[in-house]
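What follows is a pair of complexes built around chain A, which joins chain B in one and chain C in the other.
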Partner chain A sequence: MSMPTLKLRAPLNRRIDMSPFIPELIADKSADEIARIPVWLGNRQVDTGELFEISGNPSEVLLIQSESDKLDMIGAAMKQGSILVEGNAGAYLGCAMAGGEIRVTGDTGTAAGCAMRAGDLAVEGNAGDFLGGALTGERQGMRGGRISVQGDSGDRAGDLMRRGTILIGGNTGDYCASRMVAGTIIAIGQCGRHTGTAMRRGTLITSNKPASLPATFNSNGIHSLSFLTLLRQQVATLAGFSGLTEMGVEVERWVGDLSCDGKGEILIWQS
Partner chain B sequence: MIINGTEIEETFAEAFGMSATRIIITAIDAKWARIAGETMTGFATSVIGCGVEAGIETELSPEQTPDGRHGVSVLLFAMSGKALAKQLETRVGQCVLTCPTTAVFSGMQGEKQMPLGKNLRFFGDGYQISKQIGANRYWRVPVMDGEFLCEERVARTGAVGGGNFLVLANHQQQALTACEKAIVEMRKLPNVIMPFPGGIVRSGSKVGSKYKGLMASTNDAYCPTLRGLVNSNLDNDIGAVMEIVINGLTDEDVRLATRTGISAVCELGAAGGIKRISAGNYGGKLGQFHFHLREVMA
Partner chain C sequence: MLIKLAGATVYDPANNIDGEIRDIYIRDDKIVATPQTGETIHQTYALDGKIVMAGAIDLHTHIGGGKVNIARTMLPEDQRGSARARTELTRSGGGHAAPSTLSAGYRYAEMGYTSCFEPAILPVNARQAHMEMADTPMLDTGGYAMLGNDDLLLQLIAEGAEQQTINDYVGWILKATQCIGIKVVNPGGISAFKFNQRALDVDDLHSHYQISPRDIVRKLSRALNELSVPHPLHVHASNLGVPGNYRSTLATMDAAEGFPIHLTHIQFHSYGTEGDRHFSSAAADIAEAVNSRTNISIDVGQVMFGQTVTVSGDVMAQHANHRHAHPNKWTCMDIECDAGCGVVPFRYRDKNFVNALQWAIGLELFLMVDDPWRIFLTTDHPNGAPFTSYPHLIRLLMERSFRNDLLSQINPDAAAASHLQSLDREYSLYEIAIMTRAAPARILGMTDRGQLGPGAMADITVYHPGGDPEQMFERPMLVFKAGQPIVEEGRISQPVAGKTQVIRPEFDEDIEKRIKPWFDRYQTTAMENFIISDDEMAEGIGSPINIHPCRQSS
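Coming up: the complex of A and B.
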């Protein structure tokens, strides 16, 4: 028995909407049935079999093999099961995901985990802008679950984030935690400029002082916060984040953004 | 049945179904964790007057606690889930939240849940911070020494309260020495507490009283100074009786604690002045759990 596998036949010049390929929709389908599922390629529909070599047997675990960054909406709205992407993913990976697990061995595009509600999204490479952010027009970003990115992330990671946890092993772009409503972001590397802009609540934890903070953040002093022990125990078991076991509970705390409620916090680990 | 010269009476302890929970209190060191645990389990000897029966189950090393600090685990027992929730919230709010450096966590898993920090968080006056870590939600409440960290909810479970045995000795000091020895051994067991002072009761009670409105009164049949006045259960050579009351998460826990305690007492035996082991019951009609002493010790 092998899991259902979709292997991209050739590089794409247009983007594909991969949202039909979530475990709950294909778990009971044979390879032939999957091959007949219509997918949008640009402005026309084609059978999946034209684009992918399909093999394997029905299962709640789906394997996608692709070096293309044009496979959008992988795992969108999925509620259960697992998707493993060997290679890269496009935009909106795990968008509005409500359960299950997605793992990507390569990089992912913009808006990964946006509007996510639950589940586990792991990226071994880099992520694009708006990681865990909001769908365009919506007022809340990620609302639960966990995203881990072992590499870097783009700008506005955690924008409008409402709940859940984002871990970033590398550096983050500008405006990290912008407009954040609640939740937790751990960014091990260097955060870019304007970190925490319009942050209302929530926690950003980082190893280094961000490149710049808004003037509307105030220093809160050095504190020992015991919840960091619990958080560290929880996330240090994740692949790529075992180094967190070395982190203590003493942090330099900045509070803000005072221009909008001001109950967010940026914690900088004291090594 | 006679063990080391001490008679095990043909009787049984009668115990009741209760609701119980376990919380873990941590602090900067073992001293302050114990202070918090002792404070919140003070005035918690009997549900009759205290609303809850509570005690420190065990001390915990940093490796055994959620936040890696010294701690204690505390068991609380009440007659209903509602009464338990009320007592828990009051006691954690007044005795743990106020105690320097403490944090409090759920000490058991289960489907039946009740608030722990869910309402205490409002002490933060809007500055409290919620943190979802794994499957659990925690509250960080700003206080004058930093932050009070507490888990939002704690589980409760059905339990057994009121297991007991009586130690009948020649003299008061002999009864006390035997009970102290029993308590030392019983406190090594998990899932049980002995809620009375030092684990020992000297004022065992019977149901009712000659006075209206008094639910319980002195157990006259076991009071040495009433021998000759009432229908006493004491021989002439019994000078003092002390009782150990046991609450446990299961009847098996209470049974094991009873056996452990009586065994410890019987090590002193008749040579130590311990004449007889008895137990308190209400004729078997009130409590669901009966612990027959001779079966327990068989």
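Coming up: the complex of A and C.
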């Protein structure tokens, strides 16, 4: 294979910070040069070559092969190029990414796509908590771009989300769309409890009524919303989401959360 | 162990040494007179052409206590944005505006500072504050206990208690909280805020206690004088940041009725109401008042442009300013009826009229107050700017051309409204040594530091001359703490821990008969648990105390 490839040599007992390996930083580096990049392993620094087998030639596409869930910050702050993860990713996948694309064939840990600004993040397996959420202590989460997860997501998907789109093919945990400021979440499976808590604005579209909604949400009746035709056309092209073409335009619209702005909406497909 | 620092140019204002070439001898942790010939000198540093001063002292910097910790937690981006990696010798830390304890200690030492004082310790928070300062490496620390908004003192004054009772209470607080001075923040105003007053000028009455800030300043400044505490009452005056507040500042000076008082971050209290925008510099009035009243000392609280965070006990002022929070998050809270706390992140902008004029007012004060023994170099870290900007500030004071270059870049209306262009004064190294070493040691009553005479602690900073003053003060060649080299070429070479500097005036222990029932009735802590013992300082908190003598009664 000609693209630069990092293959994890052995299971890790410490977490490592993968943020140095983004296309713009390593696109012009040879395998030898990449092997000498220092990475944090717990609280000490080691050469990349000690942890990974490195092969391939300089390119804008990077391949990471790992079954570990301890590879944090993959693609953090990347602006261009693409990263393919064969296997699993750790926490903070695509954290604050501003462009380019990341695809993960397995699962990803907590806070994938947090503080994301632009780009495309695709996960073929499951995602952890705080998908598209905020960096700790910040007031806004994902601010643009698109995240798609073919499997399930953990709790608090879209927490503090400000803009962009999150697609979840499976079920979501509790507090989906909590504290959401704006943006769109499509959660095809079953949403958990307390969905939409402290949602200010934004849209959550789902196929089933969530396990529970706060008392500060009210049903706004059944509507036919033709924008759903446009939306499903656009996202049904994504791998794993072709089933959306079957969905209609008739939804029950719930509005809340009245404990804050109360301009958020949860649309439940009527099939 | 005898160490010789040979041939350096020494600036030691406490001993009237202005740039003379001298040898300095260190035996163990003290500076000693020239030893007798024949005595073995274990180590000699050849310092020809280098500049030597005592270790610098910051008498007003918020490095510990509840509000700093709130700022740290409120601003994780500040920690993330300036991470400090661990080395073989030092631990990791972070933060620019609200640095972690470790970062603050290391950076201060790297700039040649050896003693720092936290100016706003709420008595009920004293334990936490001392713990944070014990965790701040490299530095000797100390604090000023905040009184003047605590219900007990206000109650005592309202009841017309004898001055002696106030004195005993103040003496008891100094001992119980292990502090070296007393500070009052917006006298009575923090308490009045809780009674829904949103302003309290020097002669306004607190709606509940029916006493004025003037009463509080008079009682407390007199108490400290009668207790022979060297550091005068440390006053954060009324109406901080309000245009026209220079009148309150002058009234506060008068309220001391001739007793010594120290007016802190006076830049924030030197505003007039002239001009189209009803915001102007009153630095000239304030400087004139300071020059003519020898009982007054001040520190400036210089503003520097950039991101910082304002932390203050002055809930009234912080609540008024919360709309300017940048980033947009803030908090104001009561703390156990002792006082309050407000944290508002802020970015000073050089193109903003008000911020640019604040910058100019601070510099005007530095240049118009004549006596460097009564004006101290501070940014009220982190309220005006983080302490890391001190070298830049020193260059502004020492180089008129540099100052005027920057003046030409700020908001032009603010530049035009300021006298700064016409002020020719340039500080000398001797004057910088006064305001950052000799004078703070003197006003805190610490005879063992801020000077290089025999008997003093061997806290010494050696600078490379040449380059501009900013480069010189940013990166000293060598720093000694208690005789040990701790910083070499601007890098920590030996991590050390400091001690807590305290004062112990005499007072009547019977005051506890008045204090204990008040604790039992109103406080969440028992009086016995509130008191921090000397043993706890040494063993539990990990910063043993060093007691400084009270002023000899004259």
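Operating definition for what follows: the second predicted complex is superposed on the first by the 270 of 271 C-alpha atoms of A that agree within 3 Å, B and C clash if a C-alpha of one lies under 4 Å from a C-alpha of the other, contacts with A are read in each partner's own complex, and residues count from 1 in each chain.
In this section, a residue touches a chain if its C-beta (ideal position, glycine included) is under 8 Å from a C-beta of that chain, and two chains touch if they have at least 3 such contacts.
If you're wondering where the values come from, they're calculated on a predicted model, not measured in any experiment.
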Does the chain A-based superposition show chain B and chain C clashing or fitting? fit
Rounded to the nearest 10 degrees, the Cα-centre angle chain B-chain A-chain C in the superposed arrangement comes to 110
With both complexes superposed on chain A, which partner does A:43 reach: first (chain B), second (chain C), both or neither? second
Does chain A have more residues touched by chain B or by chain C? B
Kindly classify A:242 by the partners it touches after superposition: chain B alone (first), chain C alone (second), both, or neither? neither
With the two complexes superposed on chain A, say which partner A:137 touches: chain B (first), chain C (second), both, or neither. second
Go through the superposed model and pick first if A:223 touches only chain B, second if only chain C, both, or neither. first
Regarding the shared-chain residue A:231, is it in contact with chain B (first), chain C (second), both, or neither? first
For the overlay built on chain A, what is the smallest gap between any CA atom of chain B and any CA atom of chain C, in Å? 23
Contacting residues of chain B [partner chain A, same complex]: 26, 66-69, 103, 127, 129-134, 138, 140, 146-147, 149
Report the residues of chain A in contact with chain C in the complex, numbered from low to high. 43, 135-139
Inside the complex, what are the residues of chain C that reach chain A? 73-77, 80, 86, 327-329
As the complex stands, chain A meets chain B at residues 144, 163-165, 182-184, 201, 203, 223-227, 229-231, 233-234, 263, 265
